[in-house]
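Each structure below appears as structure tokens.
There are two complexes below, and they share chain A, which is joined by chain B in the first and by chain C in the second.
Entry: the complex of A and B
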């Protein structure tokens, strides 16, 4: 899989939030997005998932332009900002709903991913009564469930305990080795450096350097 | 798509708004029934007993008419304020279950989850279906329940046109059904109300992007219906037969309901609604979460 962002510019109410972004992301790598609050990290993630439309430029996945050839990336899992699910449903039921939309992921796989992020698949507690950390875990589980080709995680380790952070890191490295494109935004410099193969630095909507 | 539709419909019927709207609608229906029984049906029966006992000596003998179901059903009963209250609140009740759901999901990021797993088109279509069905259900159930309960004590007979007790005249829309097949008349209007309940809920969805709070989104259909009602009443009286507030009321209060006007108004509402909904959401950016 290859994701190309070409001259992507987004202007909202006369403010340029993404300015001439050019990037090529390929499978088997973790890309770390670094930047201050409001620098455009989340906006770039929204652009890649087709949640916002460009003012100029495009995002293409394997040559297919989002918004033109395809409505959204065909195999994507994303956790952008706060995880949100059906309040009355349990973790398992929520993932089942999403799994059905993604073409049917076996129940066993859903169970397994819930266990891996540290949630109990049997628990009937509704999402509305989850703690912040549990919500975050479910958000990550939803994003990586079914092992999509493109995984986008915005601040995935927020509100997680150290033990879970280690498990998530392990999971991401495993997925990277399975040739997935993983894009992670994180304020924790140390964690981001540890996880990422490529760091993309974004500032005022522009990519200032990537290594 | 089937799964998505099923999810949205299921979700729409499990909201707090759904239960609140249903409770309010049914409370009005039950109150109306009790009110009618006490204030109209019982006195009428007493009068009937007197007339019958007096036989030919009573001047009313032969001019007394038995109360029919459509005189007692909330949809077409106008002695109590319940009909007016129910149809005034109709757009609000319809929008309450799921009219604000797009606003909520767009803001909390759930819509992003869905859009990145199915297409925008499918998501918006499923959302509209959920809103339509829940909006229709919350206005249909009180009317239906009231009809059934009323039929338990009022005979299901047509109103005699000579009785002068009918709310509609024989020139009004579906008059023959009203006088001869009251159940069909009620069912036809319940179907119309179900449809308009659904449409009012979809109006809320369509205007979601215009407002910054969920109350305005949910209240908009009621405000719209009121403006339309009073606007047409005072500014365009010749177009009153196109007034949605009149179209949905089986009591046909203005006496201007016409089948052709109803069809035209419905087609125009569906068309405008679809256009606004599609145009507003086709390229709508999903920005900051609330």
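Entry: the complex of A and C
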């Protein structure tokens, strides 16, 4: 899988939030996105997932342009900003409805991913009564469920304990080895350096360097 | 499309609001029936009227003796919007929309949202009326209605007038069908408003405000018959069946196209 971002510019209410972004992301790598608050990290993630439409340029996945040929990447899992689910449903029910919408993922796989992020698949507690950490775990589980080709995680380790952070890192490295494209934004420099194969530095909506 | 429709329908059915609204409508029907019986209205008709009271004219949808029908038709735009018209706004505010937009096509999501809002809006408008007729049929005679009755009978020139005297139940079914469409249209209009709404509660009352404004404006142009509230009540209505359906179908097409068109082009921030 290859994701190409070509001359992508987004202007919202006369403010350029993404400016001439050019990037190529390939499978089997974790890309770390670094930048200050408001630098455009989340906006870039929105652009890749098709949540916003470009003012100029495009995002293409395997040659298919988002917003033109496809509405959103065909195989994507993302956690962008706060995890949000149906308040009255349990973790399992929430993932089951999302799995049905994306073409069906076996119940056993959903159960397994919940256990891996540290949630109990049997628990009937509704999402509305989850702690911040549990919500975050469910957000990550939803993003990686079904092992999509493209995984986008915005501050995934926020509100997680050390033990869970280790499990999530292990999971991401495993997915990378299965040839997935993983894009992670994180404020923790050490964690990001440890996880990432490539660091992309974004500043005021522009890529300033990537190594 | 079927999966997302099924998903949205389940969400609507699992929400407390639809059951609350249905409960309120049913309560209105029961109170009206109790008031009818306890207030001696049925007995009074037998003693003082040339023609006995009939259930086709005494149930919530047609009665003019008590205030319940007026109250019902005053608040029905709020009832229609309550079950699902704010669901798009809720998805947008909670961020759940972002999760869904990576699983389903935007136009499928928007179409399913509109369809479920329309159907739930129509159902909560009509089910209490149906319940009321069956309730009244339990203690008020079901004779064929007569123009001699002191109740609000449809007069010559009013829609489906002939059907009313020959097949009153069939007339009731047509009447419910029209009210279903009106309730659905109001829910659809409220859903369109949710695209720009800043507060959830404004979506619930938008249909109500819209109906009052529409009626006031149409009254100024001497065409109050075309108002949603008049079409829903069907009393003193001087439109024919085609005109009623034309107004409703145009509203459905316009509001559907507006909602789907705007939603598919909107950035999700």
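By definition in this document, the second predicted complex is superposed on the first by the 211 of 211 C-alpha atoms of A that agree within 3 Å, B and C clash if a C-alpha of one lies under 4 Å from a C-alpha of the other, contacts with A are read in each partner's own complex, and residues count from 1 in each chain.
The rule we apply is simple: contacts are C-beta pairs under 8 Å (C-beta built on N, C-alpha and C of every residue); 3 or more make two chains touch, one makes a residue touch a chain.
Keep in mind it's a predicted model, so treat the numbers as computed, not measured.
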| item | value |
| --- | --- |
| Chain A as common anchor, with chain B and chain C clashing or fitting | clash |
| Contacts of A:15 with chain B and chain C, given as first, second, both or neither | neither |
| Common ground on chain A, meaning residues reached by chain C in one complex and by chain B in the other | 12, 46, 49-53, 71-73, 76, 78, 80-86, 88, 97-98, 100-102, 142 |
| Touching residues (chain side chain C, partner chain A) in the complex | 3-4, 7, 10-11, 14, 94-96, 98-106, 265, 267-269 |
| In the complex with chain A, residue positions of chain B that touch it | 3-4, 7, 11, 14, 105, 108-110, 112-121, 283, 285-289 |
| Residues on chain A engaged by chain C in the complex (per definition of touch) | 12, 46, 49-53, 71-73, 76-78, 80-88, 97-98, 100-102, 142 |
| Of all residues in chain A, those that touch chain B in their complex | 12, 46, 49-53, 67, 71-73, 76, 78, 80-86, 88, 97-98, 100-102, 142 |
